[in-house]
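Both complexes shown next keep subunit A, but they swap its partner, so subunit B is in the first and subunit C is in the second.
Up next is the complex of A and B:
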C-alpha cells in the first residue's frame, strides 16, 4: 500500500468495488473492527495516528474500507476523505456513556456534510461484550437516528473484539449500495 | 561570442561554459557522462577542444584542470555509513512526498494534514509551514537548481507556488477538475507542469500565475510527469496504460507510447533526453526512444507490479522497484540485469540512486529503507526505526544525507 496504491483506491471505483469510510471517536474500536472484517489478528492495536485501508470481500463486492483516526486533533481532517464515499460506517463505544453527547455531535456534523449527502450510514453500536454497554435501541434513540432524512440508515449492535454482529452490518452495507453501483 | 567563465558540475560530470553573445550572458553544458577515473585525460581535452569553438588554445590548460578535478571526484570511494541523525515529528497525519533543494541545505515534506513544511537539514528545525490548501498536499517540488521557490499540488485540485525563503504564497493555480497528484518545474524555472486525476496535465506560468496550456488526450488519471533536461519536452504517465510525449512550447502531443498492458506507475527521461523508461502494473519496465517513440526494450523479471523506475544521473543504469519486494538494476544499453536487490519484506514503492550513481536507496512498506551496492546487489544498510510504511525517500546532492517520509507521520534524517 504505497502512495500509488492510495491513488488507485482514490479514483472512481469500477463496478462491484465500494469506497467505505469508517469514522467515530477515538477508542470507539474502528481499527479493531477493520481488522475483524479482514480476519486479521486484533491483539495489538494502538491509537491510529493517520489512517488504515483494507480491501475486504463481501457478497461478491470488493469493499475498500478507510479507517481514519478518531482523536480530536485528527477529526478536522476527516473531510480529506469524504469524496466518492459510497457508504459511511460510524462506530460508537456503547459502554462509554459519558461520550454519547460528543459522538452524537460528531455524527450530526457528518450527516450535514454536503459531500456525504445521501450516502447510506451504518452505525455500529460496538463493545456489546462489555457488561455496561448500552443496547442499540437506546443509542438510536439518544442519537435521534430516527430523525435522519434523505438517506438509508441502520444501527447494528456488535462486538469488534469477538466479531459478533460485524458480518450482519456488512451485509446491510452490501444491500444498501447506492444506485448505479449494483 | 566570448567565454566569461567555467563552472564545474560534479553530478553528472560536466563543464558549464558561461559566455557572452550579443551583450547577453548565456550558458551551455559540455556533458562528460562517460568520464571514468581511468579515462585518458588528453583524449577528453582534445575532443572538447575540437568540438567546442569557445575553448581557444589559451583555455585548454584550464579545461584539463577541470576534467582532472572531475576525475578525482569520481575516484573517491564511497563507503559512507548512515546514522539516524534526527526524527522529526513532522506532521499530524501521514507524510506523502519529500524533496531536497539542490544543495541539500533544506527539504520539504507534504502531508495528509494539508500542509507542506520546509526544514533546515543541518539543525532539523522547521523553517516554514505552508498553509492554505484545503486537502491533502500530495505532490511537492523545489525549483532546482535555484531552490528559491516551492510548488505544492493538492487533492483540493489546486497548485500553489511559494517562496522558499519567506513561506509566502505567490500564486494559486486553479483549473484542474480533480486531485493534483504530480508536478514538476521546468529546468529553466519559468513554468510548472501539473498532472491530475482529471486526466489532463497543465502548464502554468510562474510569473503571471496564468495557465499556459492544457495537455489533453489521456483517457484516465495522470499520475506521473517529468520534463527532459533541456525542458522542451514533457512526458505524462497515465492509468490509461500509455505515456504521452508533449512538445512544451506548442502543447502538441509528439508521441504516445503504447505497449504496456496495465496502468503506468512511473515515467522518466534519461539525462541526455534520448531515452524514456516506464514502469507499469503489468510487471514490466519498458525503454523507449524519446525521438521516435518506439519501444527499444522490455525488461521482464518482476513477479508483481513495477511501482517506480529511475535512471542514474549519467543514464548508464536503470532501477526498477516492485511490489514483489525486490528491486533490479539494469544496464541501459544492453538491457542486461546487473543485480537483484533482495531483502525487503514488503513492496518497494520508491527507489533512487545517489548522485554519484554508486548507491541505491529503497523505501518499503516493511517500514525500512535500505542502502544497496548497485553492482553486487549487496544490502549495505537497513535503516530501521519508522513504525509504519515508508512512502518516500531522497538523497541530497552530495549523497551524504538521506531523508525518509512515512505513514507514521514522521520524517527521519540519516547522515
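Up next is the complex of A and C:
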C-alpha cells in the first residue's frame, strides 16, 4: 500500500457502517449489481452458492452489502441474514415476466417478516438494457408497491450490466437510512 | 513494493553481471546451462521462460508475446544467436523445442479457453443444446427429461427450470467442463451427484461445477497451472488438458467439502477460498502435478495425493 493510500484510509475511517441485504430470485442480477457497486469486473460472474459480501464506500458510509444466492433451495437461509439489516435491496429481472408472480410472492414474504419491520426497501428493476424489459412503473404496479405501509420504499430502474441507474439507487439508500444511524 | 524494487535491481544489474561471469567461466549461455543442469519438468520450463523474459535480445523476449510462433524457426534462431553447436550439445535443440512448445502452448491455451468462455450459451444453437442433453443423459441415464424447460434440471443442481441462465460468465466453457467430466469420468460424476444430494451438507452439483470452472479459469490465467501442465504435458497443452484439470479440481473439491466439519451450502465461498489456497500452495512446488484418485478411477482404492 502506498503512503498516500494509507493516509487516506486512516483519515476516512471510522466510517458509519450500514448493513445492506441484497435479495431476489436467482438470475435477477444481484452479484452483478454488487460488483458494479464495488466497481469490479463483471464478466466472470458465476451463480452464487451461499453468499458474497463486499464493503462499498458511498457518501461517507461504509456499506456492508450481503448478496445472498437466490436459488429456491437456498431461500430458506435468507432469514439467517435479516438481523440488524439497515436497508433491504430487492432485485428483479425486469425481462423475466414469467417469474413476476414468483418474485412478487418472495418480496411479499420479506415485507411480512418481523425482523425486517420498518426497514426501508429499494427495489431495483434490473436489466433495463434488455429490449423486452418491463418499465419500473409497470413492475411497481404489478407488485403493488404503492400498498406498502410502515416503511420507506423506492423503485429504481437500472442495468447492473451497464451500471445505469445503480448510483441513483445507492443515493436513495444513504438518504433513507433509519434514524439513529445517521 | 520493496520486493519489486529488489526484482528490478536484480534483473537490471545483478543478474546480467552474474550471467556474463558464468558465460565467461563456463563458455555456455544461460539457456544452455539450464537445459544441462535442470531435469525435465516444470522447473526447467519455468527457468527457460524466465530467461527468455529477462533477455536483452528482442527476438528472444518476443517469443513470449507473439502468437503462432514457429517453434522450429525459433529454436534454430536461438542456436544461431547463442552460437550453440548441435554437434557438441545435441540435446539442446530438442530440449529447447519442447520447452518452447509448452511455453507458447500455454499461452495459446489461455486464449482458447478465454474464447470458449466468451461464447454465451444459446438455446438456438443445436450444438449447445446437444451438449446440454448429453449432460443430462450421462448423469441421469434412467430418467427421461420431460421437456427442455423443466424443473427436472434442479435434480442435477441447476438453479431453475432452464440451465441456460446458469452458465453466465463461464459461458460455453462451463458446459464443456461439466460434459467432459460426466462423459470421461461418468462413474465419478454420478457418485459426486449423489453425494451432493445430501440433505444437510449437500450442494448444487451443476452450480458448484460452474463455480469450479471459474476456479480453473483463474488458476490458468494466473499462471499457476504451469506447474502441473509443464510437468505432465510434454508438448503443447491443449483444451483437453484443461478439462482434465477441471475434473481433478471438481473431484477434489467434493472430497474437501465433505471433510469439513458442520457444513452447509452457505459456507460455499469460504470453503472454496480455502480449497483454492491449498491448490495454489501445492502448485508452488515445481514438482507438483494435479493427479489424484480420479486418474485411476474412484472405485480403485489407490491412495490419492493428499492436498
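The working rule: the second predicted complex is superposed on the first by the 167 of 182 C-alpha atoms of A that agree within 3 Å, B and C clash if a C-alpha of one lies under 4 Å from a C-alpha of the other, contacts with A are read in each partner's own complex, and residues count from 1 in each chain.
We adopt the following convention: a contact is a pair of C-beta atoms (placed from the backbone, for glycine too) under 8 Å apart; a residue touches a chain by one contact, two chains touch by 3 or more.
If you're wondering where the values come from, they're calculated on a predicted model, not measured in any experiment.
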Partner chain(s) touched by A:103 [first = subunit B, second = subunit C, both, neither]: neither
Which superposed partner A:85 touches (first subunit B, second subunit C, both, neither): neither
First, second, both or neither for A:159, with subunit B first and subunit C second: neither
Partner chain(s) touched by A:73 [first = subunit B, second = subunit C, both, neither]: both
Contacts of A:126 with subunit B and subunit C, given as first, second, both or neither: neither
Subunit B versus subunit C as contact partner of A:36, first or second or both or neither: neither
On subunit A, the residue positions that both subunit B and subunit C contact, one per complex: 2, 49-51, 73-74, 77, 80
Of all residues in subunit A, those that touch subunit B in their complex: 1-4, 7-8, 10-11, 49-51, 69, 73-74, 77, 79-80, 83
Complex contacts: residues of subunit A adjacent to subunit C: 2, 26-27, 42-47, 49-52, 70-74, 77, 80
Residues of subunit C that touch subunit A when the two form their complex: 1, 154, 159-160, 165-166, 168-170, 174, 203-204, 207-208, 210-211, 213-214, 217, 264-270
List of subunit B residues in touch with subunit A within their complex: 92-94, 96-97, 112-114, 135-136, 138, 155, 179, 181, 197, 221, 223, 239, 263, 265, 307, 347, 349-350, 365, 388-389, 391-392, 407-409
